[in-house]
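In the two assemblies presented below, chain A is common to both, partnered first by chain B and then by chain C.
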Partner chain A sequence: MTTPVSHSQILNSADFAPITQRADVHAISRPSQSYWQDAWARLKKNRRAIVSLWLIVGLLAFALLGPWLWQIDPARQDIDQISQAPGADRSATIVAPYAPWDGTVAAEFAGGSGLRLAMAANSQAVRLHWDAVPGAAGFRLYRNIFAADDEMAFGLPIADFPTPAAGYYEDRLDLRPDTYYYTLAVQAADGTLTANYQTLAVPVNRVITLDEVRERELAPAEAALDIGDEVHLALHPLGTDYLGRDMLARLMAGAQVSLFIGIIAPFLYVLLGVAYGATAGFVGGRVDQLLMRFADFVVALPFLLFMILFQVVFGIGPGESGIVPMLIALVVLAWPATARLVRGQILQIRQEAYISASRLLGARSSYLVWRHMIPNTMGVILVTLTFAVPSAIFTEAFLSFIGMGVAPPTASWGSMSNEGLARMLTHPHELIFPSLFISITVLAFNLLGDGLRDALDARMRSFE
Partner chain B sequence: MWKYTLKRLIQGIITVWFIATATFLAMHNVPGDPLSGQRATNAAIRANLEAKYGLDKPLTEQYFIYIGNLLQGDFGISFTQQNRQVNDIIREHFPVSATLGILAVIFAALGGVLWGALTALYRNRLPDTIIMFLVILGISVPSFVFAALGQLTLVNLNALFGISLLPVAGWGTVSHMLLPALVLGMGTMAYLTRLMRSSMLEIIHSDYVRTAKAKGLPAARIFTRHQLRNAILPVITVLGPAIAAITTGGFVVELVFAIPGLGRYFVQAVQQLDYTVIMGTTVFYGAFLVFMVIVVDLLYGWIDPRVRLQ
Partner chain C sequence: MTSPLSTDDSFVRSAGKQLAIYAVAAVVVITVLMVALDFIAGLTSSGASGAAGAVDVENNEITIYLREEPPQLNSTKASDSVSIMVLGHLMEGLLRYDESEQVEPGMAEHWEIDGTRVTFRLRGNARWSNGQPVTAHDFVFAWKTAIDPATASNYAFILYPIKNAEAINAGQLPLDSIGARALDDRTLEVELEQPIAYFDKLTAFTTYLPMSEEFYRATNGRYGADADEMLFNGPFILTSWVHGSSLRMEKNPHYWDADSVKLNAITAGYMANDSNTLLNLFKDERIAMTELTAEMLETAMQQRWHINRFMDGSVFFMDFNHRPERITSNLNLRKALQMVQNSGELVDRVIKLPGYLPAKSLFPIWLQGVEKTFREEYPALEYPYDIALARQHLELAKQELGLAEIPPLVLLADTTPVATVSAQYYQEIFRKHLGLEIVIDAQIFGQRIAKMNAGEFDLILNGWGPDYNDPLTFADLFASWNLNNRGKYFNPALDEQVRVAQNSLDAKTRMDAFGEVQRIIHEDALFIGNYERGWTYATHPQVKGILRRVFGAEADYSRAYIEVPD
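Then we have the complex of A and B:
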């Protein structure tokens, strides 16, 4: 056990002398930061929010500057390239214009037996010929895009031949640069198929005539082109859709529609909600009761059902895009949430001491609203706005997806997804690109909203 | 409690009346009318038909007839399908939507609570990171993409195993319901997971949890008795709106999976301008949603006595 230490041992009279006063005691060492500067500094520290902010800037640039850089009409159809995946082969060989065929076999294809080519197969025509099969009553020719396997899936029957003799056939039906599987099945006397069949895989090359090259301006007008030369078809960086329209141009046009609705509609209804909620909160009493009861009713309306109903009411006529009706419907139905929020905030702020002080100093109501109440609710409003954008984009995409949104020639990400869904198995890029854009946009706005909420309002700060 | 219930029910009835009126007025402003087209060939026939269907009466009188019919539970007869009552359509197709919706809500609620609690317990560790990444994905990807991807995955899985694990589309058995319900509940589950996580994190730092720990209660007991039960409350409050979101979100899933639900019927009716079906379905859905929100609120009061006192 240690002995207790007496005070005289550690303190002496010198310790009680007053210290000299410094002049800079009250100086502020750092410049003061306003609310918005502080919020910006906090936001800058949040890496996810900043990345999202840049993503949003990039998306806006894609929608606004994109069409200026990539000047392709989103409605223009390229019939040579339908449902092309991005990076598909675009080369085409120039050939002579189509001429009818009398069944002669080209010299280099002479010989062989069974079902075989009579000339080089290209997208202009596939010319086949075959030998007689003894004992057959006739033939049926099929075409497929898959090899006929054990299930004997021959595909599309394209011609019937009621004679067992050798024959020839020219296929010109919607040929694309792909490999086709032609099957010649032998028919019995009663017309049924026998198990006897021959299959031929035909790789088809893309060809184009000189006139088509000139007409579609695929080569400079002064270029000397000859048969056998190779030209490149129009470039589609992200491929084409089922009508041969450029995906990149359509995605840009769709971005304009989706972002327009996604940003303007929330802006308008948040504005309406702020005005409504501020009025209710500020005036208070019976007016407040009445206004908020009405807002309760609007909230209770089943949102998507009424969105669809409004689309019907506005009736999209021919040539209209259906963007404005959707905008109006969104504004009419979505404002109450903001109104409730702002009213709550205003009611809270009304109790604050600085409002009483300001009133005591003779401030008018309009001054109180503009100088104190609106700036103090600005953070909440901004966060609401940021979270309202993804939900508006979702609503637009959802409505366009079920065919109740923008009218067909207008592209929007939702309607593009809808069109892509039908061809999901064969041409997945038509679904993947628009839905990817929707997801990225919604993700960016959500993350930015999280960041803004954390930066702007300490009370709403989430547990992260 | 009874007074509160009564008050909520009266409010609910007024809300349904508001929905019915809004629907009536909206449908009356639709350009054109059901008699245009080939039904009324000249003015005399048109006048007769209008008299027959009561369309020549003033708007207020038509409104009272409509409300009177609604009060008797009569939604009218379909305009495009011969001899089909809207009541029959609802009776036939709503149970399908409701089954799908309930399954999706159960799935979303259970999943949300489970994942949310798990992420909070493993805060800032690998399970948390993985689940929160999936949650952000679930919030950002539209339901039709989930539906399409789910279907595509199922097709490939079925092809891979050579047997039909689950049917790709259609309706009838429990196996038909699983994937659509999963897809339908996905967005809500992601949302509830986030909510559960932040609520759970708040509870973990609360005084009573510390006290329970100090008393030496086993961790499992603290988790189930103290943390989970309290953290679940905010999830229950948003369950009402979540049910609304899921039932109306069912349109897309019903379209993609070819499920004969009311949502698909509604979209079809809108495309064919089948006025009575549109009005009937909207009012019915609206009433259902209002009722569900009231039930959830009452349930909340029953679960959390603090709410009752206010």
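Then we have the complex of A and C:
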């Protein structure tokens, strides 16, 4: 009980003046927000999810707009730049076309002794000649990437000569702009190497012929070029692969394959799963039992085996793309997870009081499904979808990696990773780029799915 | 408290920072984990001394690897190079190849060729690994088994020079009508269909190896399936065969030439063909020899390994389907394909291995002619590299075929790294220069052979290794009766020249016939040369005397030895 207080102590007459209508009252209160507006607002506060969303938009742009901006054929082979790392030097000097060599020594290289150049060395050919060595049974010519030392590790044996006479050799094997160390080792009669050898360091610069410049369109057609001029080889911002194909163009082509599978397949199978699960949950009873046991049966089917069976059934011969059977196998085999989830939700919602009330008021089944069931399961469905995307992308990458996906020359991130794996130690960029794209895409979709789950969970509305 | 607006602005920045922290943390954790695991692996592998290294000086043993497990080791059925290599260490034929690839006496002490009659005299100390003598009957039995239609040996054809062998293999004559008889235990008399110059060389081949009838019957059809289901007469005996894992060969005390065998045992401890695996095995001194692929060369140079090379004598080429329903039976189309390719570019820029040579002819450079090498006497004929001319031929082909567009061509290829790269290289070349679409059908060896036999291809990336040291091993490849003529090419003029070479004993006549075969192959554009295969390999510095062979075992360790440093 409170102690009575005199009116005059706390109130005065002004307190009893009529209140005036104020226009800003409603503006102060929080605006009415729909479920989706609220979810979006909360998603926006999740930085990881937003960055992931932008990454996904960026990837889509990369796949769809990229090839339009970077119009390089992903199958085109640039034989001059095989396994080129990004940012490598691209300058090349124009020289006369290659002509077979008969061992003659150019005038400016006359004289000298031992292993020496017969002509200026360039990436077209390195032409060497040497004098006779008395007492030798033969020679073996080696090429290395560093100077020979006392370990007598001379590098690659590139030619054998069974005579001790003076000789010449033209090396054309995979010459890159670099310094090569040639060693002419003297062989004893039984073919073993003796300690007698001559070495020569040969700096090689990159050259190209005029015909090649024209064929590869490295200079404007009207440009007057002559031997000795310098041109730049085609630009490959992310380098090239083992056949000189542009990595950027291939990554874009691969992104199309990956995102096609990654988005279409989950969309289709989530749709199938929702319809299936909703039917099972809504109808219930024996139908539910029957449908869900069938779903259990599908879960037990091995994916890889079915993938192979689908390829056979669809008559996908070798050398043809396995993307369509992959899509069908994913749709046919991956829906039960969604179906189970949706069925559970529907079963739960079916017991809610507002459903009973709606029923009592005479609502038909279709109204119940469309007005109450689907909207209330939408959150779950969306989250399933975003998590299904990375797993589908990963499945595609995996299947292409083991050679069951795209057919050459079509690129996919998975097949590019597989090809890059063999050259991991010497040309790491061929493996790093496609695997980086797979990782980023899978991570982005997962983080977005995470954010969406938080944003769409109605129970989390109060924890703002 | 910050306003919601400024939080909006810093979303990207702070989220980026968060991601960056995650990334750095992930890299650090993975690095630490890798170092830790590497350390632990180092502890366990040095502790587990039971796993022998590449060279075991104390026990005089070496460890090698095999590309794959041999399917079985029955010499009458063996057709793959791994089986042939292993059998080369376990068995010995009438003759064998010496260090310089010349035939020398093996089981046979001496032999005489007299027209169509060849007599071999077996040595008295030739023994099986169970101590029983190797007799002439063992050869007759093995040859009968190989040509028995029930055996279905892939290599039965190599016995066809023996009288009636071809008819027996076709099921037309009984087995006993074979032209080989054991006059007594040590004398083998062979009747030939016709005199052939190279029959002695043939007898060193795997399919001609002997087999003990008594032992074969005792195995109940499991002969060659396991280590104890075989008898050996070669330098080594197979003491254990753990399927899918390892083979162990120990020195054969009953071998007649046991003194020349220096190693006590060879363990094939690994069955691997992945280049990174082999690189690591060799780097860790687990195997005494490794093949090097193009990707491994740089590491091999940096590691200062002693790199060697060897040409195995085989020629790889693109072959066409000549069945009339296939458009590749059109000569102008084949010529068009010939003129846009350059095998030098394939070898120097794409394959990049120092052992390889561009193939210019079906007859490789090493074949002997009359006096000099065959190719010096009969130079290879080549089509010019001429894209404009190629396009003219393509237009002609379209007219002759009545096609507005050439439909996609199926290129059948192997799944080996080199075959994969070559196939993709040609796919792009033909697309770029001729606008042809090529569908690559990559198949494993067995499947590829099945498809080749069924004619399910337009083009094949094919290869042919010599079975004996004579140009005929290549020349009869396009003969109409040869089962290896996968495109079913038929030209009586070529058949005629092959018959001349088979039936003549005069070197000049034969070489002229081979020269003519080479000319016909060029004229009919049957062959797009890819490369003559070479192997680049690194050997353990202490292991000497490893032989790389063109015929028989491609890597022969039977005369290898360990050099102990002073």
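The rule is short, and it goes like this: the second predicted complex is superposed on the first by the 376 of 464 C-alpha atoms of A that agree within 3 Å, B and C clash if a C-alpha of one lies under 4 Å from a C-alpha of the other, contacts with A are read in each partner's own complex, and residues count from 1 in each chain.
The definition used in the following text is that contacts are C-beta pairs under 8 Å (C-beta built on N, C-alpha and C of every residue); 3 or more make two chains touch, one makes a residue touch a chain.
On a predicted model such as this, the values are computed, not experimentally measured, just so you know.
Once the two complexes are overlaid on the shared chain, A:65 sits clear of chain B and of chain C alike. When the shared chain is aligned, chain C comes close enough to touch A:426, but chain B does not.
Once the two complexes are overlaid on the shared chain, A:287 sits clear of chain B and of chain C alike. In the overlay built on the shared chain, the residue A:435 is in contact with chain B alone; chain C does not reach it. Of the two partner chains, chain C is the only one touched by A:47; chain B is not.
Once chain A of one complex is fitted onto chain A of the other, the partner contacts of A:144 are limited to chain C, with no touch recorded for chain B.
Touched by chain B in one complex and by chain C in the other are residues 403, 421, 424-425 of chain A. Against chain A, in their complex, chain C makes its touches with residues 7-8, 11-12, 14-16, 18-19, 275-276, 279, 293, 295-299, 301-302, 304-309, 344-345, 347-350, 352, 354, 410-411, 417, 421, 423-425, 427-428, 431-432, 439-443, 536. For chain A in complex with chain B, the residues that touch the partner chain are 296-297, 300-306, 308-313, 315, 390, 394, 397-398, 401-404, 414, 417-418, 421, 424-425, 431, 435, 438-440, 442-443, 446-447, 462-463.
Those residues of chain B whose C-beta lies close enough to touch chain A in the complex are 11, 14-15, 18-19, 22-23, 26-27, 29-32, 136-137, 139-145, 148, 152, 155, 197-198, 201-202, 244, 248-249, 251-252, 255-256, 266-267, 270-271, 273, 278, 281-282, 285-286, 289-290, 293.
Considering their complex, residues 44-45, 47-48, 50-51, 54, 75-77, 79, 82, 143-146, 149, 151-153, 155-158, 172-174, 242-243, 317-320, 403, 407-409, 421-427 of chain A touch chain C.
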